[in-house]
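Two complexes, one shared chain (chain A), two partners (chain B, chain C).
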Partner chain A sequence: MQNANEIPETTSRIALKYGLIGGLIAVYVSVLGMVEAFSLRPLVGDFLTLGYVLLVAGPIGAGILTARALRDRTSRRNGELASLGAGAVSSSLLLVLLAVIVLLVIRPDEAGAEVTLQVMFVNLTSGLAEILTFGLGNLLGALMLVLFCTIMGGAGGAAVLIRDPLRAGLVTGVILTLMVGIFSETVSQVLQQVSGRVIINLVFVQKSLRPIPAVLVFALGFSLAYFRVPRRTRTRFQKLPQTRQQRTKQGLYIAGLLLLIMIPWLTGLFLSQALFLIGLYIIMGLGLNIVVGYAGLLDLGYVAFFAFGAYAMGILTTTTELGITNLTFWTALPICVAAGVLWGLVLGFPVLRLRGDYLAIVTLGFGEIVRILALSDWLAPIQGGPQGVLHIPNPVIFGITLNTPQTMYYVVLLGVILAAFVTIRLRDARLGRQWMSMREDEDVSEAMGINLVSTKLLAFAIGAGFSALAGAILAARQSTIFPHSFNLIISLNVLAGIIVGGLGSIPGVIVGMLILVGLPELLREFTEYRFLMYGILLIVVMLLRPEGLLPEATRKRELHSDEPGMTPADAAPMEPAGAGGQD
Partner chain B sequence: MAPLLDAIDVTKSFGGLDAVNHFNFQINEGAIDSIIGPNGAGKTTFFNCVTGFYVPTEGKVYFDGHEVQGMSTDRITRFGISRTYQNIRLFSQMTAIENILVGEQPRLKTYWVEALVRNRRYKEEEEQALQEAQRLLEFVGLKGMGDQVAHNLPYGAQRRLELARALAADPKMLLLDEPTAGMNPNESSDMMHFIRRLRDEVGITILLIEHDMKVVMGISEQITVMDFGLKIAEGTPAEIQGNTNVIEAYLGKGAAAGLKLATGGSSN
Partner chain C sequence: MFRRFFERFSWVDFILRLFQIGIIIAMVAGLISTISAGRYSNAQWATLVFAGLAQGSIYALIAMGYTLVYGILRLINFAHGEIYMAGAFTTVFLADYQASTGFLDAHPFISILSWFVLAGTVSTVIAVLLERIAYRPLRNAPRLVPLITAIGASFALQYTFRGLYGAGFHSYPTVEVLSGTVGILGFSVPVVQVVVIVAAVILMIGLNGFVERTKLGTSMRSVSEDKDVSRLMGINVDKVIVATFAIGGLLAGAAGVFNGLFRPVGVFFFMGFFPGLKAFTAAVLGGIGSVPGAAIGGLLLGVIESVFPNLILEGLGIPSANQLRDAFAFTMLVLILIFRPQGIFGEKLAEKKA
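This part shows the complex of A and B:
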């Protein structure tokens, strides 16, 4: 008897819990003003606005979490009912919000309130009430809201509980359609470059996807996932004979390289500038990845080397009286990198004995010292102080001045390729193993005969060299540099990027920077909310994938030359021969 | 013949506590000797003094003719001392084979610039290092597990991997800190045979710290007993088994008196 009661009891409690959480989120985004502000931003047609997407994110999330929690425990039907329930529960909080707005904002006199609540909560407006009630009036609208949230909770639950090819198809389709809607500016910039206005007008009304293209986009996402296209392609690729595989791979590499070369002309000026910035951050990320990801030395003053490279480039090439030589960009570049390396050694020496948090604090201090020195009058005769360095010439190659984002992109691309090359070569070599063993256990790696001093200094110096390279390129792109450009936030951004991507992983650095530097650029139209969205995204990523988006894969190094065609699965469970037993 | 390792009057104090107190110790090339003693007797501290983890407060340590006390760990390692640890200390996020490759450091000669250009010397050295790592992996019975992350290996495999890593440096002397800790009798006996093979086939001098008396008595040629940082006895297994001081140190004075008659065959 008691048992029979207990299962529905916990089910409803779970639905209640997640429903309330989802409702709180929905209320929160509403009170922040995001729902109303983004109701002006349609995603698909003129009926689905970003505002509504944000509003239902809470109920949908409640449905998803409820269904997840119940998936393994009760029957599927229970889970669907529960997620519907969770959606309904979340709507109750929105109803409370609605009541508050109606009673205390729209009609404060009738409720007998002295002041309207809007004095404190500026975003509680009649406009928000209208969105919440779908413009149907308070009573009917409230009913609709409950119904709507309940359905959305159920949809969230369905996204978990439906069987797989269908589920994957639906989820991918919806996400892809929303993404195209949100990044419609980016998409239309690309379309503009490729095809001109005609296609854009066919696909978008202002920033919103037209319904028919939306259906097409959904269908594309749906079929990609439903028919498991990526996985099938991969298995078909693996079935190819070895030589064909290799040729296909080479073809893909060449295609990828061509795409990289063409990208700035496909994406236009604005996106090229974003790509340039992302590239700079990738160079820095690869450098910091050596210091933090491989060697395990937490460096928070990384921006100092960036500044050093930029100032070195400035002083070496500027045409103002600060310039000490008249080198061109290309001759000055190696000098800047060398200067960065040297500076890395200088800063590395005093912190050799420090570990972990202490190292982080000291390097943080160094970073700030460099910025303050750059601002000071004391060094002004050398590097301009607060006035900065002006008139730094753009790079010139074959008589062409690289002064647009599109051309400078190539300089950065070269830098990225160089940095990645150096990183990969060193990672696979003795030095890379020394770094990683030092990260794992400093004492033991010293006992393995590793000289900690030189290994640490090399990590610092090479990382610093990359950063100086990025700084030098930035100086030549902007033509002016100011001390304010080199603040702590750059160090933190680079660090966050490599952590989000996956410490120690080169593809991870690239993905991390695309997200951390690229997204804020792409989200520019959402001005005041973009850093909030970005922050939420970071938290979600770190909660779901604490090891990063693309963590470092372990490399296969054990040769199986004597057993051709042996797969790792065959190799792993093998009885140990010789000495010692096994647990 | 001069001993391979010669520790003279080694003292290590922490504050007022002498963890190792005027300790003298010699081991000859090709020997398998043990240091035993109750918990906290100073055995591991002595290991740390020899390998450079600690700088002895007083005394001298000679290894293979070099005066090594006060040197950094990596330099001492390069003279030919390798060790394992009481609590396994592998590079846990690296694969088994990478662990061994790190162990080979003292033998590798190329510079990082050579790795950038991948010249012939670098490629040959890496190739050889990898082959050597494979060989060691097989030698300790872990063939086929080389690509697994050390952290995921079963306990016994981790112990053996640590041994392989220590061997990778091609040492003259191996310090083993409780190599059979946490093993069942079968595994311990396997480990014992393996240690003996190391000495007989590879010719490495071995110094053990061990609690398992069966292992210690079965394998050691000379045993040194420590208590409270002092050497209290020294001799062959048979001599140590009959030594009153030793029994007192392990069991207390009263127990020693009672047990005196029974000691002859108790441990072996």
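This part shows the complex of A and C:
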């Protein structure tokens, strides 16, 4: 949104501005120690490391932003030059950083001083200085750094300014290659299941792509985008006669279902565990989606019901002295869900009269109270206190004990399908309409004859039931539960997942959880920086797409109602939301 | 007459009222049983109360940031605890350096002043940056969206500072001048606690005066009433919002230093999370959006969580009551919100606003 009376920026000012931003990013990743830590992690061969990729992200970004800003304006003459300039500017901040390291860390260190700046900034090391100067010594290295950043700025500019099929090809190729390099562990696990060690050794050296496969991957990405394969496939599909289109679609659905069933055996133990977790979060997300997305009741203490389900399963089935009934998993499961529903009613009741933020804070308080009570000695005779509940048996079906991630995946898959089915049926039923009407305006809904008490309580109870189901499955999978596992972070994670995916949309929940739970699981080797990336990802996604990645149609319209070409009538939110079966 | 009674009768209200009465009876019962058992002496109670007041004044200072920002943007600035952490964590290095060179013992007041300057600066800068990056672009988005960026910013800030300063624990040096005790009302109270309480109260009175008297404060109140009308009146809304975040950051930085004086250990990247939650609780307790409310709410919360576990829970025969200290604070929050949602001092919000 540009103000009309804003002074038009000159080309050099744009380059300066974005160059400084890029430089700041580069300095940020360096000072945080990411560059140095990841310089040990090669992506392609042994020459391209993740550390350098992170380092150049700033200058490249500066080049891209500069070229974009200039492209959108009428005079686009100096785009290439400006992006080179932006890259050069971004190197200046890195030079400052280098000087700081040399003058305040390395020099005093050599002089034998006791206190250097490294006491405070733990990652300002001589190793970082060496990376920044490419091991060439300070002066020559600094020159190289400026040159390098300038070229990278230019490369970023080129990625915007080159004409399209070529540009799309190059960008896709580079991104695909980097992705394969970064996710090399995941890729090689899949390869391992499918083909054994031989191919892995051909493609990867330890975690790094060998050069020739890297070129092949790049070529694959390049040609996919250059020849516009996805779009051509779609046009060809649309040209098919109606009946064949339908048959192809059915075939795809069946293939998808088969894939869902096969997936744990294609991906191996570790990835199945990740899938299991994603599944649990999808169940919880679907439940919270009912409470927040449909009924509009912001619940920050959702983890309470998760904990309740897990503890119910633990106490009902454990073989230690805490156990009270020694039921099997399958008989205990419905009891756990029923207990969760009941608990949802109990906690939902006192907050019936609250709205908006107050509701959020009270539920947050509930979540914390439940966690602290679970940790305390007071309730320890019932639920084990800080020691938790041990020896919870795994589920057994037809004499097979489901004790591996691969087998438990099916339990979760069943849970997800059940939860999605219930959600869809409820959404399209009278109750779902009542929820959405309540979300839009409580007072009007009450005037239209909706019983707010029962509608709200049902939302809380059903959401809680889903969460308890997830908790019960988790307890049976892990065999042990500890109060520490049920902290506020889980509530926030689930909420973030459904909002990032798109509030109120079922595919959105799935996508949101795949990204927010799945990505951190796949990137476990970068565990030191997981939460940092998670936080930044949340901010970036919300800034770029406040309506979420796969939003519900109505919500999308509401959010963009202030944009040109939309009259208020277009944005009217009151038609039955989400009833069009876009899922 | 009975018919009218039944027409107005609501099961929900009835059960909530019963619940309320039950809670009050339980609290009074616990109180009476503890006091009649005479388990603690007056001096012990006084120790608990003063420690609670000192802790509470730190909560109150952090709560100012929540209450100001919420008043203006209706945004729960979830990352405010991290703003507090930023100042406290950065300053610990300065304090350590001054202690190791002996400057701290030679010039304690200059040292502590420099801590305030550094912590205040860092926290203010972080607060303003946060507003610029994570909240301003989303000012017209639905209310949930900035809440999510706030959660994201909270993680990002925690782990940024973990990356900058490392994951280890640090502690503030002890300040010799502040390490004695003074007698107040016949009880001996650590000097630090008195200093923290008095200084915090002065800061909060200053803030209240600022909001009530100055031109910027008036603009802030105006923006919190109605942004569009304020803009028509010639107020630069963006600047006022930035100023609000800056003031909140400044006070959070000060709170970080007070915390370092009062409870020197445990300075690390996660230190802001729970004080942030507690301070938010305090802000809600006092009535969010109100400056005196946040002050009283903070002090009250500090005393409640320091005194009440011993006073009430032990009286009810619940073992190891101190483990439940935090649960008690949150229970108070829940109860107050359920029975008096506007808090102690809050104006009754129009329902659409809340």
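The working rule: the second predicted complex is superposed on the first by the 517 of 583 C-alpha atoms of A that agree within 3 Å, B and C clash if a C-alpha of one lies under 4 Å from a C-alpha of the other, contacts with A are read in each partner's own complex, and residues count from 1 in each chain.
The criterion applied here is as follows: contacts are C-beta pairs under 8 Å (C-beta built on N, C-alpha and C of every residue); 3 or more make two chains touch, one makes a residue touch a chain.
Quick caveat: nothing in here was measured; it's all calculated off a predicted structure.
A.B. asks: Can A:Arg433 be said to touch chain B (first), chain C (second), both, or neither?
C.D. replies: first
A.B. asks: Look at A:Leu373 in the shared chain and tell me whether it touches chain B only, chain C only, both, or neither; answer first, second, both or neither.
C.D. replies: It touches chain C, and chain B stays clear.
A.B. asks: If you tally the residues of chain A touched by each partner, is the higher count for chain B or for chain C?
C.D. replies: Residues of chain A touched, chain B against chain C: more for C.
A.B. asks: Looking at A:Lys239, would you say it contacts chain B, chain C, both, or neither? Reply first, second, both or neither.
C.D. replies: Touch partners of A:Lys239: none, neither chain B nor chain C.
A.B. asks: Touching chain B in one complex and chain C in the other: list those residues of chain A.
C.D. replies: Residues common to the chain A contacts of chain C and of chain B are 443, 558-559, listed in rising order.
A.B. asks: Show me the residue ranges of chain A that touch chain C in the complex, using the header's touch definition.
C.D. replies: Touching chain C from chain A are residues 28, 31-34, 115, 119-123, 292, 298, 349-358, 360-362, 364-366, 368-369, 372-373, 375-378, 443, 453, 492, 495-496, 499-500, 503, 529, 531-532, 534-539, 542-543, 546, 558-559, 562.
A.B. asks: Report the residues of chain A in contact with chain B in the complex, numbered from low to high.
C.D. replies: 422, 425-426, 428-431, 433-434, 436-437, 440-441, 443-452, 458, 554-559, 568, 571-574, 576-583
A.B. asks: Give the list of chain C residues in touch with chain A in this complex.
C.D. replies: 12, 15-16, 19, 70, 74, 76, 93, 96-97, 100, 133-134, 137-138, 140-149, 151-160, 162-166, 277, 280-281, 284, 318-320, 323-324, 326-327, 330-331, 333-334, 337-338, 341, 351, 354
A.B. asks: Could you list, by residue number, the parts of chain B that touch chain A in their complex?
C.D. replies: 51-53, 72-74, 77-78, 83, 85, 89-99, 101-103, 105-106, 108, 110, 112, 115-116, 118, 122, 126, 129-131, 133-134, 137-149, 154-157, 159-160, 165, 169, 183-184, 186-187, 190-191, 193-194, 197
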